[in-house]
Amino acid sequence: MQFTASQLAQIIQGVVEGDENVSVQSFGKIEEAKSGQLSFLSNPKYEEYLYSTDASIVIVNSDLVLKDKVKATLVRVSDSYSAFATLLDLYSKLRMSHHVGIEAKASIHSSAKIGKDVFVADFAYISANAEIGDNVKIYPGVFIGENVKIGDGTVINANVSIYHDCIIGKNVILHAGIVIGSDGFGFAPNPDGSYAKIPQIGNVVIEDNVEIGANTTIDRSTIGSTFIRTGVKLDNLIQIAHNVEVGENTVIAAQAGVSGSSKVGKYVMIGGQVGVVGHIRIADFTKINAQSGVTKSITVPKSSVTGTPAYNFSAMVRSQVLMRGLPDMLKRLEELEKEIELLKNKN
Amino acid sequence: MQFTASQLAQIIQGVVEGDENVSVQSFGKIEEAKSGQLSFLSNPKYEEYLYSTDASIVIVNSDLVLKDKVKATLVRVSDSYSAFATLLDLYSKLRMSHHVGIEAKASIHSSAKIGKDVFVADFAYISANAEIGDNVKIYPGVFIGENVKIGDGTVINANVSIYHDCIIGKNVILHAGIVIGSDGFGFAPNPDGSYAKIPQIGNVVIEDNVEIGANTTIDRSTIGSTFIRTGVKLDNLIQIAHNVEVGENTVIAAQAGVSGSSKVGKYVMIGGQVGVVGHIRIADFTKINAQSGVTKSITVPKSSVTGTPAYNFSAMVRSQVLMRGLPDMLKRLEELEKEIELLKNKN
Amino acid sequence: MQFTASQLAQIIQGVVEGDENVSVQSFGKIEEAKSGQLSFLSNPKYEEYLYSTDASIVIVNSDLVLKDKVKATLVRVSDSYSAFATLLDLYSKLRMSHHVGIEAKASIHSSAKIGKDVFVADFAYISANAEIGDNVKIYPGVFIGENVKIGDGTVINANVSIYHDCIIGKNVILHAGIVIGSDGFGFAPNPDGSYAKIPQIGNVVIEDNVEIGANTTIDRSTIGSTFIRTGVKLDNLIQIAHNVEVGENTVIAAQAGVSGSSKVGKYVMIGGQVGVVGHIRIADFTKINAQSGVTKSITVPKSSVTGTPAYNFSAMVRSQVLMRGLPDMLKRLEELEKEIELLKNKN
């Protein structure tokens, strides 16, 4: 991929200032970009780099007044950040645009239904009765179980495993190594202390526009479905247990875990390494700070909590500071005990 | 799969009440089941749903006295929950019963020994001198290293990696993405601050009836074996380090980790996101609460601990409550200091 | 593999004491070794086992004075531990020495460049314009994206996924299930509360002599690179977010996570399950205790911290002890309040 300044200006409706024919092949931050790269300046804090950057082209705001000479060709637009984002997006799409067709070493069951303009790489395995929508991309090593449905425009990266009966929506992005629909962790104790497996015969339903990070795991429901609602964003190495529901547009950072049957509301933000116990509810718009352990339902929307067990954010932060002051508190307590003793003896 | 009420009644030795020929294809909870689904009523708390459910068939206890009209066909048995569990189990087994045979695109080394009635999917890779027992199922993308032994009846889901020399018992269930036998994390510092790898030439031994969750990792021993004993149940994304032993029928929840050379006893319960340091012992029947950090051996069986560093459960819970009360304690301390000052001045 | 005592003695320049022709096939710890195994005695604490071991050959220090009869053949060398380590290393290399060549069911794009003496297993997938160095080993189920470069001598275990444009150095070891170069977790909020994906078009650069544990994930940078510097050792199930830099010879234990844009210094030691927030710096030689949550930059080299939020190690340990003493402190406080009341009434 290679674009000249005038080609870029046409795409983002900008005006070229400098060499129209200079071309770029990749992107760089203004403070570290090299020749052949495209960069942008939006935040005035970074303006100094504009005068020293090696980037070949820089997108800037149309109202920028230059204070010094600039080596790069400029493309002026009304909103440089949004124009740059547009180009990043275009680049990402172009990068995958030639991933179309079914490669020779894929394994597709004869009963599977495959949509239009699909990419199925070598070593992808599509089981009986699976249904793959249009424009879906399936990378090498992906396993798709029986009866699985994948919506239009979804991208499934390498080595993802999707167990039987699960349903994936449209325009979902699944990163490499994800497991969807493995058995929930359900066992009943036997009289001898061993455990009997409780069959997990439900599924996982992932709605549209969800993105899920690498090596995250989402277990199938015992009966019924584990739900990941529209627009949810999950980071890497997250555990979502059986029968959980994660509400619309909720965002969960890496290595967090939600235990069985808990319902996380909409627009919730969960920090990294958070643990949520089973069978509770988290109200909409709740913020849970990183590494917290949530042990009770949070019923008031827009709550903000931290710590283990998780508690009101500001109160807990104050307690954490005081905890570090405990040696001092103890000293003051001992001092008081001595003084009281003195006073008692005096009396 | 499809069963009529009279077929089901025969399997679970029940009595049909209603239409003998109505059929079901799947399962549902009584409060959300649809037409064509089978449900059950065991807990009297849910009885109200019996009179409104859309389930086509409901399994109930034989002594249930109806308080209203029921649309569904009933099958009466002595223990409705256990009859339902029997059917779930049957369903799970039937679901996989046609997964038999060796698919054309599997890769099996000529020196590997393969048992009877085995399933080996396309893109499964079985290395030299591996031994696969009878009735084993190996799904796509599974890697089985040299000299690995897999016991009868074991199921290995998609994209599991088992390194050379590891031994897996009978009737084990390995969920997708698990890694067994990767090198333990062992390095010796060089004089210049870099690290030299200590070769990890042991293996992992997993005994019978173990179930392991998705993307969990179990490292091989430096020398000797890392052991997962009979009946252990591990959830998803767990880390078991080299030279660890996890005792019989111990249960570990998701994202917990056990560091090198620690020995976890039998019938232990470890909560989610717990960390256990290296080179310690955990007594039998210990309960470790979620997110705890265990830093010392637990020598008394049936101990219950929580917190980081982990400590007696009830004492720690009291301390955690008091920690939240620290701002109040500080206020009371300051009040006392003032009063003492007053008293001292008075005297 | 099989070696006689005299063959071993030649390799490690030792002197045989006993049967020169006895042979060993594997290794064992002196306290549990069996016939046919090689063991060593270095630590005098274990000397008692020398007189009872079933090992066929034991490597001992040349100055060892026997106190009893020994069944095993001895090989005397100046440093028994280092001689044993040499043999372990040799064994590890021999074990993989026959993994050379390109297996028939691999998928290699015609534009990929493949070095000399490479191993590419069945079901490994090498994309367009990838460059694979000499002596690289690529196991089954590995996905290598477009334009990826792999340095000489690197070993990539089963089911690793490396996204496009990433660069892996020389003599790197990647364990099974690792994901390198998945999209960073970057989203911009839309006015309606949903999120727009920020394209992640950077890459991951892993320098020489790095080892990374099973199922660890390393996200690509938004722009530019996520860096894992020379000699870094990462354990299993670690999360390294986008734009992070992990400095030379830093060691990170299992299940730890480093959030976006943070810079971890050189020779840092990070314990298991540690969380590091985004956009901070960790000074060289810092030690971070297991399960800590680092919320602020650590600017002083050789710092040692623990707890959440992480704090000076010794001070925090004292506070943790005092926290367990809070019920006692509260009692003493209440006692003082009563006594003050008494004193006030007296006056």
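For clarity, chains are labelled A, B and C in written order, and residue numbers in each chain start from 1.
The criterion applied here is as follows: contacts are C-beta pairs under 8 Å (C-beta built on N, C-alpha and C of every residue); 3 or more make two chains touch, one makes a residue touch a chain.
Not measured: the values here are computed from a predicted model.
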C-alpha-based rotation, chain A on chain C, 0 to 180 degrees, nearest 5: 120
Residue-number overlap at the chain A/chain B interface, same or different (half cut): different
Euclidean distance of C-alpha centroids - chain A vs chain B, Å: 25
Contacts with 2+ other chains: residues of chain B: 105, 123, 141, 159, 177, 215, 237, 255, 273, 323, 329, 333, 336, 340, 343, 347
In the complex, chain A residues that touch chain C: 26-29, 32, 85, 88-89, 91-92, 95, 103, 105, 121-123, 139-141, 157-159, 173, 175-177, 209, 211, 213-215, 231, 233, 235-237, 248-249, 251, 253-255, 266-267, 272-273, 290-291, 307, 320, 323-324, 326-327, 329-330, 333, 336-337, 340, 343-344, 347
Of chain B, residues touching chain C in the complex: 105, 107, 123, 125, 141, 143, 159, 161, 163-164, 177, 179, 182-183, 185, 187, 193-195, 197-199, 201, 215, 217, 219, 223-224, 237, 239, 241, 255, 257, 259, 273, 275, 277, 293, 308-309, 311, 315-316, 318-319, 322-323, 325, 329, 332-333, 336, 339-340, 343, 346-347
